[in-house]
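Residue numbering begins at 1 within each chain, and the chains themselves are lettered A, B and C in the order written.
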Amino acid sequence: MPSSTPRSGIDPMEWWRRFQEEHAWQLREFVFTLGLLRRNPSAVAGSCIIAAMVFLALAAPWIAPHDPIRISLSERLSSPSWHHLFGTDELGRDIFSRVLFGARISLRIGLLVVGIAGGLGTVLGAVAGYVGGKLDDAIMRCLDIVLSFPSLVLAMALAAALGPSLRNAIMAVAFVMIPKFARLVRGEALAVREKPFIAAAKVSGAGHGWIILHHVIPNCLSSVIVLGTLVVGETILIASSLSFIGLGAQPPTPEWGAMISVGRKFLMDQWWYATFPGCFILVTVIGFNIFGDALRDVLDPRIRR
Amino acid sequence: MRLLRYIAKRLLHLIPVLLGVTALVFVISHAIPGDPARMMAGQKASREAVENLRRSMGLDRPLHEQYLRYMWGLLHGDLGRSVRSQRPVAEDLKDFFPATLELTLASMSLCLVVGLPLGILSAVRRNRPVDHASRVFSVCGVSMPVFWLGLMLLLLFYRNLQWLPGSGRLDVGLDPPASVTGLYLVDALLEGNGPVFFNALSHIILPAFCLSYVYLAVITRIVRSSMIAVMEQDYVTTARANGLAEAVVILKHCLKNSLIPTVTIAGLSVGELLGGAILTETIFDWPGMGKYVVDSVNFLDFPAIMGFTLVVSLSYVFINLTVDVIYAFLNPQIRY
Amino acid sequence: MDTDLLRIQDLSVRFFTYQGVVRALEGVWLSVRRGEILGLVGETGCGKSVLARSILRLIADPPGKISGGRILFKGRDLLALPMKEMRRIRGNDISMIFQEPMTSLNPVFTVGNQMEEVVRLHQKVSRKAARRICVEMLTQVRMPDAEAVLRKYPHELSGGMRQRVMIALELSCRPDLLIADEPTTALDVTVQAQVLHILSDLTRARETSVLFITHDLGVVAHLCDRVAVMYAGKIVETAPVEALFQSPRHPYTRGLLAAVPSLDEDREFLASIPGVVPGLIDPPGGCRFHPRCDGAGEPCRRMEPAGVEVGEDHWVFCHGIR
């Protein structure tokens, strides 16, 4: 295991060259993984869906035909047409444009939650697994308690207690997701702890914090990425469910779940209102789920060789 | 004997979990940033009412004292008083519980009846059209926003085809059967009341399917993958080499082994079912605890939300205890 | 009466994998006579287990396929039988013991459940009678307290005990042929000897033919009447045990025998055959052994060798024999 010493003020090209040298093995693995992914049909399909959603989200201000929050009462509740691809809502806003902007919100929620929960969960899990003993027991017992709640129920209770807002919903969902990452990383950290390079690092005088940061966590990273991908999908589902029951994004935010929540009132006569945002949730989550599953297969060492 | 020892052991393990669950609910309801008294009293209560409540709930006391008081209340079935109905939350939940139970049980049966055979079929016909179809079906299931699925089912079967009713447990005007279990389907059968039974059945089909889909997908998936793993084992070859018929090999030798991981996952995924009930009941106006809690959310009825959270989470814990027992029953290798 | 119980003729088995077509068996001829113990030896991966599984048609399809040949058992071609007939033969006329005693019994059913199931399937007897047969069989494999063993789960037994249970199970229907695929490889040496004893005593007493697959030549010398040597999916030499050990003719057999450490000789080094076992996706043309053979000449590269009878009942497939 090559060790890298942190340096500052180094020329980026020089840094990249050193990085390549020190991590030649990891880079080769990475390229190999990419090759396997390219030959896996569900990985390709999943990444295409994700890429399309990311594109729609980024380009929403330019490709959306209308302003997502501009009210036009004369056009309200009009059915899908060339002018309004997905029809309009009760205030005459263009649902297609709102759905495009909704992609920004949902993806941001997904990334934020995975970032927060993945970060905290990884650190907690790595510390628990590496340090072991009483600290491990304490951390894991606490996380087990969080896992004894159905995720949506706990997220709902937390969001209700924090007050209905998108920010609070994100925090609630992130809290619920932490144990998933922590348990995974702890398991891997337990295995990594016994590896010879950890002993080598200890002998050469590395501190525990440094070892966790430079050896334990990097070795768990591929599993964390797999879980992260799957959790993005789950997060989008839970967050939109919270918005649907009125605990997430508040109107007039064009969040998919919130749109369906309002659209439900018009379901019997204006079918398009609730239908299209839901299609986007479904497709986005499918994208993350099949990509995550494919990634897991590809990274599975038993299948790999 | 072996099983009894195991159950006793699991019950002992349950104590810290129960303490933890109640503690977390306590923390959420008492120590959250913001004003718990204001939350408990509701947004519309007067300042005096809030202050009175603060004192009467002991919210001015130190936290550990509040916790003991809270636990004492819980042991006596006290979940607080609902702001909306002005009744004890425990009683409200008791009224709404049977409807939720009926819906979840119906969904679970649907899962077993459809999910198990589908998973087995998928594994046996691996990489054939049936398998591909069932995998697409499962991926859609785990990616499906339950509330949207419910709306789409309503659009299709209620609005367009008009095959099935879209809300409630019975048609308006029909009297519910005399309550024995609280489950309309069972009660109607006990009463021998055909029309009510079939009416209740027609009402439960859509919500039960909607609620079960996610869970169904999870079950199908895990049955498929564990069946595939088991079918590669040596003892399966032994069974075949001894001349057992393929049906016996699959349904006896493979199935019991693959049920072991399936049961674990099924138990953990009941959480999906309980969470999904919140959404499904809202969509189909199903008068259960899930609809009750969503109405409470809209009213910011905090005690009701917390009471619901506690009751559902405790049910989840007990369901998983049952699952552990089934697991031990299936797996003779379990040790303590 | 025909002395051959089982006659394998020109059997070929292929596996269709992502890497290519694996020619696991190519034109194998072999026969097992009534009442004999025939050893089948060869290195790991040479196709011994595939051969054993093909006899009972246990090759998973896909990816495997029996692509040619006949397997005549008492004159009937097993490969042409309908599956229903085949199942009547499995475990009843021909039965099989596998290498791994730890995994060849189902962990979630008791030993009794699994034994009785097979006995009742083939012998159509009552549950009680089946139980009696099982107890009887377990006693014959020298299992103390057979009744208790029947109530146990496989994980409660040791490896040696499980393999004895397997022997009892597989002999319970009095088969004509027992295929034993490295039945002792996974066991401790002391247990190995005991299990082999039981196996040979029982089968000799019942005049059951045995196809004994192993890579352990010591076991072969001790146990078998006749030996077939296999290399890279082909049989290269068959002979009575004494003839094979005293005058091996195929260069591969000689190499194998030279690689066995012997107490009689005082040698500094163990001999080994140069080169490696060829991959079976793209096996060498002609004689499959020629890349590793000292005496390989021009015909070895081009043509498959035909069988030559060099002694009584002693056949060799090599161009070097004339």
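By our rule, contacts are C-beta pairs under 8 Å (C-beta built on N, C-alpha and C of every residue); 3 or more make two chains touch, one makes a residue touch a chain.
This is a predicted model, so every value here is computed, not measured.
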Steps needed, at fewest, to go from subunit A to subunit C via touching chains: 2
Chain located farthest away, centre of subunit A as origin (C-alpha): C
Interface with more contacting C-beta pairs, comparing B-C to A-B: A-B
Where subunit B and subunit C are represented by their mean Cα positions, the distance between them in whole Å: 53
Whole-Å separation of chain centres (CA-atom averages), subunit A against subunit B: 25
Residue ranges of subunit A in contact with subunit B within the complex: 141-142, 144-146, 148-154, 156-158, 160-163, 233, 237, 240-241, 244-247, 257, 260, 263-264, 267-268, 271, 274-275, 277-278, 281-282, 285-286, 289-290
Interfacial residue positions of subunit B with respect to subunit A in the complex: 16-17, 20-21, 23-25, 28-29, 32-34, 39, 139-140, 142-148, 151-152, 154-155, 159, 270-272, 274-276, 278-279, 282-283, 293-294, 297-298, 300, 302, 305-306, 308-309, 312-313, 316-317, 320
Interface residues, subunit B side, partner subunit C - complex: 233-235, 237-245, 253, 256-257, 260, 330-333
Contacting residues of subunit C [partner subunit B, same complex]: 53, 56, 58, 87-92, 95-96, 98, 100, 103-109, 117-118, 121-122, 153, 155, 166, 169-170
